[in-house]
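Chains: A, B, C and D, in written order; residue numbering restarts at 1 for each.
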Amino acid sequence: MSEDKKTGRGRAEEWWQTSIIEMRPGVIRLRGYEIQDLIGRVSFPAMIWLMLRGELPSEEQAALLGIALGAAVDHGPQAPSIAIARMAATCGVGINNAMASAINVLGDVHGGAGEQALSFYGDIAAAMDGGTPLAQAVKTRLDRFFAEEKGYVPGLGHRFHPVDPRAPRLIELTREFAARKGKTIPLNIDGTTAVIYGELGFPPALTRGLFVLSRSVGILAHAWEQSQQGDRNKGPLPREWLWAYTGLPVRPFPDTE
Amino acid sequence: MSEDKKTGRGRAEEWWQTSIIEMRPGVIRLRGYEIQDLIGRVSFPAMIWLMLRGELPSEEQAALLGIALGAAVDHGPQAPSIAIARMAATCGVGINNAMASAINVLGDVHGGAGEQALSFYGDIAAAMDGGTPLAQAVKTRLDRFFAEEKGYVPGLGHRFHPVDPRAPRLIELTREFAARKGKTIPLNIDGTTAVIYGELGFPPALTRGLFVLSRSVGILAHAWEQSQQGDRNKGPLPREWLWAYTGLPVRPFPDTE
Amino acid sequence: MSEDKKTGRGRAEEWWQTSIIEMRPGVIRLRGYEIQDLIGRVSFPAMIWLMLRGELPSEEQAALLGIALGAAVDHGPQAPSIAIARMAATCGVGINNAMASAINVLGDVHGGAGEQALSFYGDIAAAMDGGTPLAQAVKTRLDRFFAEEKGYVPGLGHRFHPVDPRAPRLIELTREFAARKGKTIPLNIDGTTAVIYGELGFPPALTRGLFVLSRSVGILAHAWEQSQQGDRNKGPLPREWLWAYTGLPVRPFPDTE
Amino acid sequence: MSEDKKTGRGRAEEWWQTSIIEMRPGVIRLRGYEIQDLIGRVSFPAMIWLMLRGELPSEEQAALLGIALGAAVDHGPQAPSIAIARMAATCGVGINNAMASAINVLGDVHGGAGEQALSFYGDIAAAMDGGTPLAQAVKTRLDRFFAEEKGYVPGLGHRFHPVDPRAPRLIELTREFAARKGKTIPLNIDGTTAVIYGELGFPPALTRGLFVLSRSVGILAHAWEQSQQGDRNKGPLPREWLWAYTGLPVRPFPDTE
């Protein structure tokens, strides 16, 4: 590119460069494929894969991705994200705004368990690649966890479910998939989704994004259901209830400030 | 429910009632189905349908929904939503936050064309149901549009593409689907997705939510690509450029305010 | 500007033109004033005024703006915005993200009453300017409201307070201000803030923005207080409570989909 | 509280407890003060202080807080937050939504410099409290920074301004304030605001919230200015420009997936 172009339009177009999408009037290409070649030929999970990874998945890979995405769509209105979507839907904003306020809270604590679990498994896998036996690799990583970190071991246990009903079914399906690839996958509970995403080759930081795509479905369903009920300014508690005030008792405004 | 319960926990649980998800320790049911029965048996688009509509779709319906969702995943970084996702990804926030800031702008102008198109078609269909011929129904609605509204007829034309490359392919697939249902579907251009969603029975206001699910894929892909490039505080223009100032020339601060 | 420049950097800089801020290395000017001339000389409300209106306010104007901004900072955690801020603060996102999710719901229903009230008053004022007596102008506008619109007359009454404790004090102060300008201001209750903003010359659509600036203070205070309590994933109800499920009873997955 | 109450409404009201605001019909108290006692008596910065800190500030403290808040209101549309606010304002969403998308990106990189600077200064101050001379404390902390962290020393230098025009004026005012308190404040450049917030006793993590309150003013001003210009779907570059595509060249869809 000429230096002249660098200071003009070319420099600006370079500033927004991407390898995801190519467009000209009448042309849209995603990752090198004409969009009209993709429409009707690839499933929605395959399209997600293509957009995020750059290549089309195998049918098996797309199917497993779809399964993992479907497994995490909702966990009910006690989850802050779902409650936020429902409250937002009563405040006179668009359904996309209600979804945004909700997705926005899928942070390290609410949406990051899969990402953390996958990193955790990655550390164990790396130790095993270096010759450490599985049991030792797990023990070492857990020891480090309890020494350094607080909170919950990601992917293990669940604050609400004694056994998470989603995990065994996911593990079963993952095993079928893994068997074909000649691997065994370590057991786990809540982080099974993380195992699937890891098996499929997604980097940990991207799996939070996959969780957002998945949970967005429940967020939309709840925002929509709420919006059909006609409430205005839905608060967290029944309208006739308040909150407990725990601060200073009433006091006079000081004479001189 | 007893009055006593109404003033206690029961009243609060009633406040958050939903018909989407039932949960007890060890149990998650979506729309009456055990989640372990759904995992691995329904595609991701079928799960989306179930969550939003309450019943499982036919395979054809799920396939067409998946096609429509896949067709709108991205339109490049000149779209405000994609640009926002990329800029946000350089500001030190989580990938869910970057997605939220982007999804948040899929409002009436940026994300509402499908919803508006579907309402538009609905008006025409209602007139036809009342006996008005198609040509007259379209003319009447268009006359009303040009008399009352400003901007662009939703679903017709595109500011960038002379012919939108996505539309003919979608129309072709829709016709195959519609043929099986013994209906003809009126031609259109950009709003073909709206036709599909309408054919599938989604109310207009919910189609904006479907567009959010679809475009979220592109938003995530771009946020992720950008986050891998290591920029900090990416602005809209190359760093060495500024903006044109069009306001008052410099002036002294007034002596007495 | 030369055509050549139009196709290069100049065109891009023109795309982002603004009359609010002028910047060069070592220079920041807001509305024509050097920032170092403003710092320490204008109050925070005066800075808000300058940014939004382009000129410095009088001391009286700045004081009244500050009073109105201070009056609406909080209405407790039963307000969806405050509840959202507190829940978000427990999800592992930044304090700015918690604030954004909350501010995002200050829409037509939750944050728009002032804007609507000011439009309402504007219609009445316009009728009075056209010669209609006050009582008739109010009656006509109210008649139109009850014929066309649903919900609540903006600025009148309050779902929680029989008499809003903020209104009388604001009205008193507004009268003092108005008296100096030789005007009388019509009485009202919840929309007193709207009266102040209107008296000060803010267009209705901008007053929603002023409400956001004001309520942001409460949103931040609550997000901060919550973040100091160490909860994780705070839901809307006590952790051991659920929600009422009102949907279909459990059913088997259909044999053939 | 009785156990009975714990399982009923009292438990729910306890769940949302706060020491910020007390409310009953006809009563609003902030931090123990009747709101009608506050309105008209405290400046907007003093109200911010009261809400965040629990006590009224002195006039000097409120004035200095107002100065710091006023100094950071805007840095122009090359800042991602301002660009996002302007683009959002053209997408058919409310002004509060435009503000939320923008505020949402004031994360560690875009909005966290002050917070980081204050932590940095806190480490130095702690070392000095332990007897280390200033020069040594600074050197030790800087050595640790260059060994451990990447990026920029917070509060020092500016990517755009050789000398930030805001800093000297802020330092001057801070010194006046500090002189009255019998302290000297170490010089700095961009982090002067952090010094002020630190001097005033705000914890580092809360100063990001103060920055949000401040920058919200510029975000609102730009969103408003943009909304008056009537653009639709404003992208980051002039409409007739695109972006550079750097991905794979066009390729045929594979025969068998």
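One rule holds for everything that comes next: contacts are C-beta pairs under 8 Å (C-beta built on N, C-alpha and C of every residue); 3 or more make two chains touch, one makes a residue touch a chain.
What you see is a predicted model; the values in this text were computed from it and never measured.
Colleague: Would you mind naming the chains that touch chain B and likewise touch chain C?
Modeller: Neighbours common to chain B and chain C are A, D.
Colleague: Please decide if copies chain A and chain B contact each other with the same set of residue positions, more than half shared, or with different positions, and reply same or different.
Modeller: Mostly the same residues form this interface, as more than half of the numbers used are common to both chains.
Colleague: Which chain is most remote from chain A in terms of Cα centres?
Modeller: It is C.
Colleague: Which integer distance in Å separates the CA centroid of chain B from that of chain D?
Modeller: 32
Colleague: Could you state the distance in Å from the CA-based centre of chain C to that of chain D?
Modeller: Computed value for the inter-centroid distance: 19 Å.
Colleague: Can you check how far apart chain A and chain D are, centre to centre, with Cα atoms defining each centre and the answer in Å?
Modeller: Each chain reduced to its C-alpha mean, chain A and chain D end up 27 Å apart.
Colleague: Touching two or more other chains, which residues of chain C qualify?
Modeller: 9, 11-12, 14-16, 18-21, 23, 34, 38, 42, 76-78, 83, 93-94, 96-97, 100-101, 104-108, 111-112, 236-237, 241-243
Colleague: Draw the chains as dots and join the ones that touch; what shape do you get: line, ring, star, complete or other?
Modeller: Graph shape here is complete: every pair of chains touches.
Colleague: Applying the document's contact rule, which stretches of chain D touch chain C when the two form their complex?
Modeller: 11-12, 14-16, 18-21, 23, 25-28, 30, 34-36, 38-40, 42-45, 47-48, 51-52, 66-67, 69-71, 73-78, 83, 86, 94-97, 99-101, 103-108, 111, 160-163, 165-166, 168-170, 172-173, 205-206, 208-209, 212-213, 216-218, 220-225, 227, 237-238, 241
Colleague: Which residues of chain B touch chain D in their complex?
Modeller: For this pair, the touching residues of chain B are 7-9, 11-12, 76-81, 83-84, 87-88, 90-93, 97-98, 100-102, 104-112, 151, 159, 232-237, 239, 241-243.
Colleague: Touching residues of chain B toward chain C in the complex: what are they?
Modeller: Per the touch definition, chain B meets chain C at residues 9-10, 12-24, 29, 31-34, 37-38, 41-42, 46, 54, 56, 58-59, 93-94, 96-97, 100-101, 104, 236-237, 241-254, 257.
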